[in-house]
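Down below are the structures I want you to see.
Two complexes come next, and they have one chain in common, subunit A, joined by subunit B in the first and subunit C in the second.
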Partner chain A sequence: MTLLEFSRGPMLHAALVIFVLGVLWRLTSTVLAARRKNNAEPRVVGGPALSGGLIAVGSRSWPHPEFIPRTGFGEAVGYGYHLGLFAIVLLGAPHVVFWKNLFGINAPFWPTLPTGIISVLSVVTVFLMLIATLRRAAHPVLRRISNFDDWFTLAILYALMLTGIMAVFGIGGRYETILALHIISFNALLIWFPFGKLMHAFYIFPSRFVNGYMHTKKGAAS
Partner chain B sequence: MNTATQSFSASSDRLSPSQREERAMAAFAQEFGALAALNLESCIHCGICAEACHFYIATEDAKYTPILKAEPFKQAYRREASAFAPFFKLFGLKKKVTADQLEQWQELLYDSCNLCGRCSLICPMGIEVADLIESGRRSMAEAGLAPKELLDRARKQAESGAPEQPDKPYPELLNEIGQANGLEIPLDRAKAEILVLAPRNDLEGNPAAVAAMVKVLQAIGADFTFSSDALVAENYGYYAGSRGLQKKITQRVVDAARKVNAKLLLVPECGHSYTALRWQAANIIGEPLPFRVRHVTEYLAEQLKEGKLRLKQVSGDSFAFHDPCQLVRKGGVTEAPRALMNALGLELKEMENKKGFSFCCGGGGGVNDLERAKPLRYRAQELKLREIDDTGANRFVTSCSDCRVAFADAAEHFNWDKQPESLVELVAANIKE
Partner chain C sequence: MSVRSPDSRPTIGQILDENGVGRRRFLKYCAGITALMAMPPGSTTAFAQQLRAARRPTIIYMPFQECTGCIESLTRSFAPTIESLIFDTVSLDYNHTLQAAAGHAAEAARLEAMEANWDNYVLICDGSIPVNDGGIYGASAGESFVHQLEHAAEGAAAIVAVGVCASYGGVGAAYPNPTGAKGVAEIIKNKPIINVPGCPPIPEVMTGTLVSFLASGVPALDKHLRPQAFFGNTIHDRCYRRRFYDRGLFAESFDDEGARNGWCLYKLGCRGPTTYNACATIKWNGGTSWPVESGHGCLGCSEPDFWDQGGFYEPVTSKLFRDTGQVAAGAAAGVAIGAASAIAANARKKKLAAKAEEEVSS
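Entry: the complex of A and B
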């Protein structure tokens, strides 16, 4: 078995199992934690309170104007590389083929971006990630609150992005080897996903919703 | 100015470090619910919460990052209750919260946090950071590490209803306030529609505000009484983080309201008592309250709407209004004070950060009571005073006595040219007969 066969065969399957079971377990443990009845008389109930939750799911993606002067740059960089990652993962032609094969789906409507655009996006995304990493290392607040999870997650993302760029531009060695390293990086991301901060992909919407719902029930700012 | 970590003050010196750790963990365990789990699981360490916190903005000291203040709680959760807790524990990936660590965190949880909740508004993940800090305070109180000033007052209030031994008993003070202002203040009536509380700050330091509230209630013909069993609005159990003492103090108020068959519990100009009574009381005693809880400005705005309260116009001055965090940002009492100011015809000059986004006065959450926190508080307050000055208003009004105390102290410290005024006093002085 070659490294490439291993990476997209048994290793990928094991990583997927760990990813699915780990994510389910982590979400289940959160959902099953004790819930306390709220006996306080709400100011807003029913539909409007639920709407407050749903609005917060969207509105928290954009900072309140009061905060933009202090947070605008950091948030732009953060959202910027997230958008770059999404575009590359979901609209890059090789990735679309990978997803279709992995899930055994035939989706002729799935659009792709030209390779040139994906290449530029990849470089821009890595550049934004570099800025985010430098901020994490240099900004006193980020440096103080960062832990192993932050640095390890970034390391996996760099491995994934750099091996991807190397594969696209044909640099760094045999294509099969680079591709295998790229897939191994992806597998590492899947394996690490349930244990660290990558889980924010699943927590972000319920967390925002609950915040918006609870605040709206009190008539408070959200 | 020095903002180095203050030496901690233990409210109980009898506990050994291991006893403190055990008690803190037991308190943390009580806080590990679904909401806390969601908040704790969601943090991405983006640090944005620092940019909402007046203590961080004023000092640029990373230790004042709000989510860092909740670190012992996060650490305990990961190690003891999270999905992979056994894994974290087995491989020593999350260390045990130690008594030393808790001692270091006292300043962060008490001196440098007003529980104002501005951090909860900025978080892109929607984490209730202020709630996590409150949970942190609860473990500190159980570990005997709440600041002595707060816990001693909480104990006294739970026992006697008064956080400190006043020069004169509060009922006597109330009677004197009535006599000095030509008012007959109803106290300990057998039955009343409304049970009214008074801020300790005002009873002792600004009796005119208490008299003003009584004057307005009498002017609109309200059926009300004070109770000598529960006269004080503040809840020092809440400030200290002691769930047990908070419950006892709350129960005292709830029992007094039940005793007079009150339909309404009227919270005076005090922000934290609004949170403690409006949003937490029913949960801490474990059942819905048999009466409504409203802030005095909410109640007066209702009376205004019903035409029972009519006000004269105030002219010649411009006003800045401070939105108390517990009332506005966390409590939703945003429009009521503005309805009153509008009825008074005030020329209101809003601050850059207003309503839900207002900066805290710096004194809430028990910080006013911590002498050692003053230097740090003043630094945070400079931001706020500057914003008030920037409005160009020549008068300054608010609807929380704790905020007034904080601003009055800052005014003296900085030789500021304004004095915080009570909105209810302004209303009382301008009732249209």
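Entry: the complex of A and C
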């Protein structure tokens, strides 16, 4: 069995099983976790409370004007590489073909971007990731709140991005070896995903919504 | 098929002279071969001299678990090219597909030729070799293929494995490989082996490899023992449709606008990105066309285990597993573990709250 066969075969299969198991484990335990009962009469219920949740999803996804000078740069870099990652993963032709095959989707309307644009986006994304990493290492507060989880996740992400770039540009070795390393990096990401901060992908919007919803309900109606 | 000792054989140059092959034509051929093999232009003269001086080699061509496609490819040239002429000049002392003799006479001729040229002949193998259960799944003349190979390899100067089956097992070794089919290099470890894979290999690659071996010995090989000169680049790298890949223009089916416009066949399962061969440059049928030019993706037939790389119409990154409920089982287990951990945590939380209340009230 070649490295590429291993990465596309048993390792990808095992990684998927672990990913699904881990994600559902965490989501189920979070959903079923006991919450303190709030005996106070809610300020609003139903539609307005739900709107409050949705507003919080939007408002907390954007820096507060007062803090833009302090946090704007970090948020811009964060948004930059997240958008880059989404564009590469969802619009790169080899990735689209991979998703369609993996999930058995037949979606002829799924557009793809030319290789040149994906290549530029990849390089820019890695550059933004590098800025974010250096900032995390240099910023006194960020450095102190960073732990193994953050650094390990970044390491996997770098491996994924760099092997992808190497495969596209044909550098660093034979294509099938680099492709295998790229898929192995993806498998590692799937395996690590449920157990680290990558779970923010599932939690970020629901948690903002729940916070907004709860805060809208709290307090006396005026 | 007369058998002569190696030293008494004429040189290739003498044979070509006898056949009226002029110097210009011969040098043109050598220039073509050296160019194909990416050798520097200045090396053509030396290559030609070495090839002319090489003695007419004895070839023992052993077919094993094969379909005769490779020998068909090798012998079916559209015009009597100098490659075929050079191939005709070799002393093909045994090939049971081509020779007139059959049965015991043919086997006796093989053994006689091997004995007379022991340590000097070139062994060409075609087809995979089954090794399970003592190799009983493939036999000829009452002898298993694996035993025949081991014996013939013992006296060979070098071995050329022609076709993907002889190189890596091919279709015979495809999952579940009931006969335990293997390529030559998996069985013979003490001889120089050159793999010329393909299903079948390109005729010019076969003759080019052979000619290069006659002139200057074993050429530079890659990790799969293929001549780097012919197998150094991927099909994708040399494909004339590559520009469409780079522009993101793909055929989505074999009869859509993309297919009619000759766009990239990546999405239709083309294995060009992971396949090393010279189809895109040398082409087939005297340079007429090749599979991708005919509108079909590359099957990757020069790669080890190419039959087991997923469906021929699935992309090179396609999953290589058949999920029989493991992911669903993982999902069910995840929900169950999540629910159990939540119940346990809630119970613990309740217990701690009760304890705290007790402490406050006491």
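The criterion applied here is as follows: the second predicted complex is superposed on the first by the 218 of 222 C-alpha atoms of A that agree within 3 Å, B and C clash if a C-alpha of one lies under 4 Å from a C-alpha of the other, contacts with A are read in each partner's own complex, and residues count from 1 in each chain.
In the analysis below, a residue touches a chain if its C-beta (ideal position, glycine included) is under 8 Å from a C-beta of that chain, and two chains touch if they have at least 3 such contacts.
Note that the coordinates shown come from a computational prediction; the quantities given were computed from them, not determined experimentally.
Superposition of the two complexes onto subunit A shows subunit B and subunit C fitting side by side, with no clash. When the shared chain is aligned, subunit C comes close enough to touch A:179, but subunit B does not. Of the two partners, subunit B and subunit C, it is B that touches more residues of subunit A.
Contact with subunit C, but none with subunit B, is seen for A:9 once the two complexes are overlaid on the shared chain. In the superposed model, A:101 lies in contact with subunit C only, and not with subunit B.
When the two complexes are overlaid on their common chain A, residue A:127 makes contact with neither subunit B nor subunit C. After overlaying the two complexes on the shared chain, residue contacts for A:208 are found with subunit B alone; subunit C is out of touch.
When the shared chain is aligned, no partner comes close enough to touch A:152: not subunit B, not subunit C.
Contact with subunit C, but none with subunit B, is seen for A:114 once the two complexes are overlaid on the shared chain. In the superposed pair of complexes, A:29 makes contact with subunit B and with subunit C alike. Nowhere in the superposition do the C-alpha atoms of subunit B and subunit C come closer than 5 Å.
Residue overlap on subunit A between its contacts with subunit B in one complex and with subunit C in the other: 25-26, 28-34.
On the subunit B side of its complex with subunit A, the touching residues are 32-39, 41-48, 50-52, 56-57, 60-63, 65, 67-68, 81-84, 87, 93, 120-128, 278-283, 286-289, 292-293, 328-334, 352-353, 355-357.
Touching subunit A in their complex are the following residues of subunit C: 234, 236-237, 245-248, 250, 252, 266-267, 273-274, 304-305, 308-310, 314-321, 323, 326-327, 329-331, 333-335, 337-339, 341-343, 345-346, 349-350. By the touch criterion stated above, subunit A contacts subunit B in their complex at residues 25-26, 28-41, 43, 56, 60-61, 63-64, 66-67, 70-71, 74-75, 78, 139-150, 194-195, 197, 199-200, 203-204, 206-212, 214, 218-222. The part of subunit A that touches subunit C in the complex is made up of residues 2, 4-5, 8-10, 12-13, 16-18, 20-34, 93-94, 97-98, 101-102, 108, 112-117, 170, 175-176, 179, 183.
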